[in-house]
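Look for chain A in each of the two complexes below; its partner is chain B in the first and chain C in the second.
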Partner chain A sequence: MQDLSRCPRNLLVCERSSFQNQKNRVSAQVEQMHFNYKVSLLLPDCSSAPSHLDKVLKSFSSFYLIKKLPIYKLLNEDFLRSAVYNGSVYGLSYQTHIDEDNCISLMPNGILTLSLDKDSFELLGFEGKPSKFNHRRRSRFVVTVNLTDSCMAPGERRYLRLLEGLKSRLPLQTDFLLSHHPGGGASLDPLLSCCDWSEHQPEVSVRSLTNLSFPVPESCDPHSFLQWLGAVEAGISCENSSNSFLSTLICPEPKTQTDCALSACVSGMLLPQDIQRLIGQLRCHLEQVRSWAVLTVHGFADSPMSWGGREHGFLRGGENFYSLLMSHDHTYQLHLAVGAHDACPP
Partner chain B sequence: MKAANKEDESFQRVVLKNASPHHYMKVHLELEDNSKRLSAVELKHFIITGLKNLHGEVGAALNFDVLKYDEETLTALLRVHSSGLVKLWSSLTLLGSYQNQSCAFRVLQVSRHVFCNYSQSELLVESANYCEIRLFCFSDVNKRPPFLSGVSVLVSADRKQS
Partner chain C sequence: MEEKLVQAPIPRGLQKVLGVEPQRSSRAAAFTEAFLASSLQQPDNQDLKNLLTHKAVILGYTRPKKQRTKRSSKKAKGLTAQQKKALKVFQIRPEHQRYQLFLPLHDLWRQYVRDLCGGLRPSCSPQFVQQKLLKADLHGAIITVVRSKCPSYVGLSGILLQEFKHVFKIITAEDRLKVIPKRNSVFSVEIDGFVSHIFGSRFEQRASERSAKKFKVHGSIDL
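Right after this comes the complex of A and B.
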C-alpha cells in the first residue's frame, strides 16, 4: 500500500555572504534565471516608495506578445542576424503548460529549446533527448539547439532539417512573449511583421502596510521566514491564537513590529539586467536608511528552462523562485527554491 | 531532511531537501446554487466532514489551516502538514455534496511555498482560466491540480444525472 505521507521532493538552497565578498554569487544567480515574471519587494519602516526606487521599478523593459507565432519564424535569417547573434533576446511561449503542451523558449545566448510531447517530437524528426522528469514512461522530449553554432547557420544541413520540420511536419504555432531588444524594435521586425502583436509595459503595484509584525531575520529559519514573507505578500493575517479554529499561522519568534512597511510588485516578462539594477538601487537605499529589505523574484512556472539553462518541469507546482534578504551592512541571505521537477540551482 | 554544508570563511551554502513542513493549497468550491455562500468556519467544517468520510476519525483529526478565504468567490488558501497532503487532497476530490446540492472542489494550485499560491504565470488580463478542468486521469494524484479537478466535476456530474 502506498505511503500517503510521502510527497515529491523540493529543494531550498540557502546562501549567506556579503556583497563585498568576492565569492558572493548574487549576480551570477540573477543572471542565470532568464525567465522571470514577477518581482516583489518588501521594505519595512517605509511608508512610500523613495523616488529613485520608484523610478527603477517603473523603468523595467517592455516586452511584446506575439499572437500565434509560427515557431519556424524564429529561424528566420534576418531575425537571427539582427537579434539572436547579437544576444539579449529572451523569448517564451505563452499560455502553454509544460506538462501538457509543447513549450518553446529562446535564451539570450541563442539556445532554442523545444519541450515537446512524444507525438510532436516524433513528427518533428529532429534529434532530442527524453525529459529528465518523465513520469512513468517517456512522454516528453526536449530538443535543444544552439542557433549561434556554425552547424545551425542558415543553409547548413541541420538548420534546413529543423526548418523543414517546423514548417511542414510539425507546424507549431503559439502565442509568444519576446523581450525588447537593445537594438530596438527594428531588429525584431522579422517576427513582428508577420503576426499580430502588442507591446506591454510591466505592471507596477505598490501598497502600504501598517502595524506589521516581522521576524528578526537572523534568528529565523529559512522556511518560516519564507512562509511569513509569502503571507505578507498574499495579505494573510499572522495574528492568530494557538486555539483558533480557522488558522494557527503566526509570525515566527522572536519578532518585532513596525508602524509601516512598503510592498511593491512588478509583473511582466522581466529581464535579469533590470533586476540587477533594482538590487543596486536597493543597496544604495539601505545604506542611507540603515534597514533591511527583501526582494523575491519568481520564474515562470511553465518555462522549459530554469537556472543556468537546466530543464524545468511542473509536477504539482512549478515553483522556481529566489528571495534575497539584504541588509544595510551589505550582508545578504539568498534562498533559491525549486520543485520536484527541477535540478538543484547551481 | 538532508543538508549539505559548504562553509568557506564568509560564504555559506546549505541545501535543504524536503525541509518545508507544510504544503499550501488554493482551492475553489463550486456549488450547484451559485448564489449560496459559506462562511470560513462552515467551509472548514465541511472539509473536516469530508476527511472523516474518507479517512475516518484519524483523518478528521488532521490539522489544517484556512489561511485566507474569499466568501464571494468561495476560494480558500489552505495550509496542511506535508504528511497530510494526500489525505486532504483526496478528501476534497471526493466531496461531492453540500446540504443536498452537488458541489465540487477545484484544486487550483498546490505548493510548498505560500508565494506560489498567489502568483500566476498568466500575465495579461485575457489569459486562460487557470482552473480549466481536465476530464481524464482519475488516479494520478501526482500531477498538476486541474487533473484532480476533473475528477471532482465528473463525480458531481454523475450525481446530477442520477
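Right after this comes the complex of A and C.
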C-alpha cells in the first residue's frame, strides 16, 4: 500500500536580514534567477496603486516570441557577435515541457543549455551529461555549451559539429522567447528575419481585496505564512466557515484585519534588472507608508535552468520561486523555495 | 589255426579268360610287398623327439600395431590465429589507406546487391530488400552511424573494409581508418534509394555466421 503521507520533497531556504547590511544577498539572488515568469505583489492597507509603483510595473521590458525557430539559428555568427558575446540576452523555449519534450535555454553569460530526451540526444551526437534527476534509467540528457568559449568560436571543430548536428541530424524547432537586447532590435535581426515573430508586453493585472485578515509577519513561521500568501494570491478565502468544505486554510495567528489590500501581478518574460528596480521603488514606498509588502517572483516551471545555472526539473510541480517580505525599517525576510527535481537554492 | 590263404595261384581256366600270365611265387611276393609299401601310410614314430624339438609352439600372440594414417583433408589448411597475427594479413598499411582506392569496391558491392535482390526496381517492397541485406555481405558498403549511445560515433560515415564479430572497420572520406564497435549503435546502409537501418547490438556475429542466422522482428529497440 503506497504511503500517501509521503510526498516528493520541497526545499525552503529562509533568510532574515536588512537591506542596510552590506552583505545582504537580495540583489545577488535576484540576478541569479534568470528566467522569471511572474511577479506578484501584495500591499496591505492600500486601496489603489500608487502612481510611481504603477509606473514601474508598467515599465517592464518587452520581449519577443518567435514561432518555430530552428535552433541552429542560435549559432548564427552575426547573432553571436552582436548579441551573445556582449551578454544580457535571455532566451527560453516556449511551451515545451521539461519532462516530455526537448527544452532550450540561453543565459546572458553565453551558456546554451539543451535538455533532451534519450532519442534526441542519441541522434544529436554532441557530448552531454545525463540529468541529475533520472530515476534508475537514463531518460534525460543535458547538453551545456559555453558559446563564449574559444573552442566554440565560429569555424572551430566543436562549433561545426554542433551546428551540423542541429542542422541535419536533429533539426530542433520550437517557439522561442527572446528578451530585448540593450543594443537595440538590430542585434537580434539574424533570428528575427527568418521567422514569424511578435513582440509582447508583460501583462499587468491589479486587483484590490477587501476584508482581508493578515498575520503579523514577524511572528509567524515561514511555512504557514507562505501558505496564507498563496491562498490570498489564488483567491481562496481563509475564513474556514463551517458550511464550506473546499478549503480549511486559515490565517495564521496572531492576525489583524484590514479593510483593503492591493494585489498586483505582472506576467511574461521578466528580466532581473526590472525586478531590482521594482524592489528599489517598493523600499521607497514603504518608507513613506510605514507598512510592509510581499513580493513573490516565480520562475518558469519548464525552464531547464534554475538559480545560477543549476538544473531544474518537473516532478509533480516545477515550482522555483522566491518571496521577499519587506518591512518599512529596511529589514526583510527572503524565502527561496524549490520542488522535488531541483538542487538546493543558494 | 589254419593259415588263411593270402595268396594263391590263379586257376588254369581263369588264366585264359583274363589273359594274364601267372608269376612264380617269389616274384609275386616281392611285387606284393612293394605294392603294400607304396599304398600304406608309414607312421614315423621314431621322429617324435625331433618333432618336439624343432617345432615352435605358440603360447600367445599380439597383433602388430597398424599405422593409422591421418585422413588427409582435401581442402587447404588455413593459418591459425597466432600465425595470422604474426603475418599481419588483415592489417592495411597506411599507404593503402586511401578512400579513392576503395571506391571500385563500393561499385562492386552495389552490383552484388542489385543482383542479390534481382534488380532494384522502385516497386520492390522495402521488407524484401531488408531481408536480403541482413544476410548479405556488407564489405564495400558505405555505412553511416545514425544513432549511438556514445555521441562521438554519431555521423561517422565511410566504406566498410572489414567486418569482425564485434566491430566494423571503415575508411572515411578523409582517409582515416576508423574502428566502430557494433554494440549500442544504429547503422544505416543505403542502396539505390533504399535506406536500411541496422541495430548493431543484434548484429554481433561474424559475417559468415550471419548468413545462416534468422532475425526476429522486434517492434522497436531502445539503445
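Following the convention adopted for this analysis, the second predicted complex is superposed on the first by the 336 of 346 C-alpha atoms of A that agree within 3 Å, B and C clash if a C-alpha of one lies under 4 Å from a C-alpha of the other, contacts with A are read in each partner's own complex, and residues count from 1 in each chain.
Quick note on the criterion: a contact is a pair of C-beta atoms (placed from the backbone, for glycine too) under 8 Å apart; a residue touches a chain by one contact, two chains touch by 3 or more.
As the structure is a prediction and not an experimental result, all values here were calculated from the model.
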| item | value |
| --- | --- |
| Chain B versus chain C as contact partner of A:Asn21, first or second or both or neither | first |
| Touched partner set for A:Arg169, first chain B, second chain C, both or neither | second |
| Comparison of chain B and chain C by chain A residues contacted | B |
| Which superposed partner A:Phe314 touches (first chain B, second chain C, both, neither) | first |
| Touched partner set for A:Gly339, first chain B, second chain C, both or neither | first |
| First (chain B), second (chain C), both or neither touched by A:Phe126 | second |
| Chain A residues contacted in one complex by chain B, in the other by chain C | none |
| Partner chain B, residues of chain A touching it in the complex | 4-18, 21, 23-24, 37-38, 65, 94-95, 97, 99-100, 135, 177, 200, 222-223, 226-227, 229-231, 233-236, 245-249, 267-269, 296, 298, 300-302, 314-319, 321, 337, 339, 344 |
| Residues of chain C defined as touching chain A within the complex | 146-149, 151-155, 222-223 |
| Chain A to chain C touching residues, read off their complex | 118-119, 121-128, 161, 164-165, 169 |
| Interface residues, chain B side, partner chain A - complex | 8, 10-24, 40-41, 44, 63, 65-69, 77, 79, 82-87, 109-124, 127-128, 142-145 |
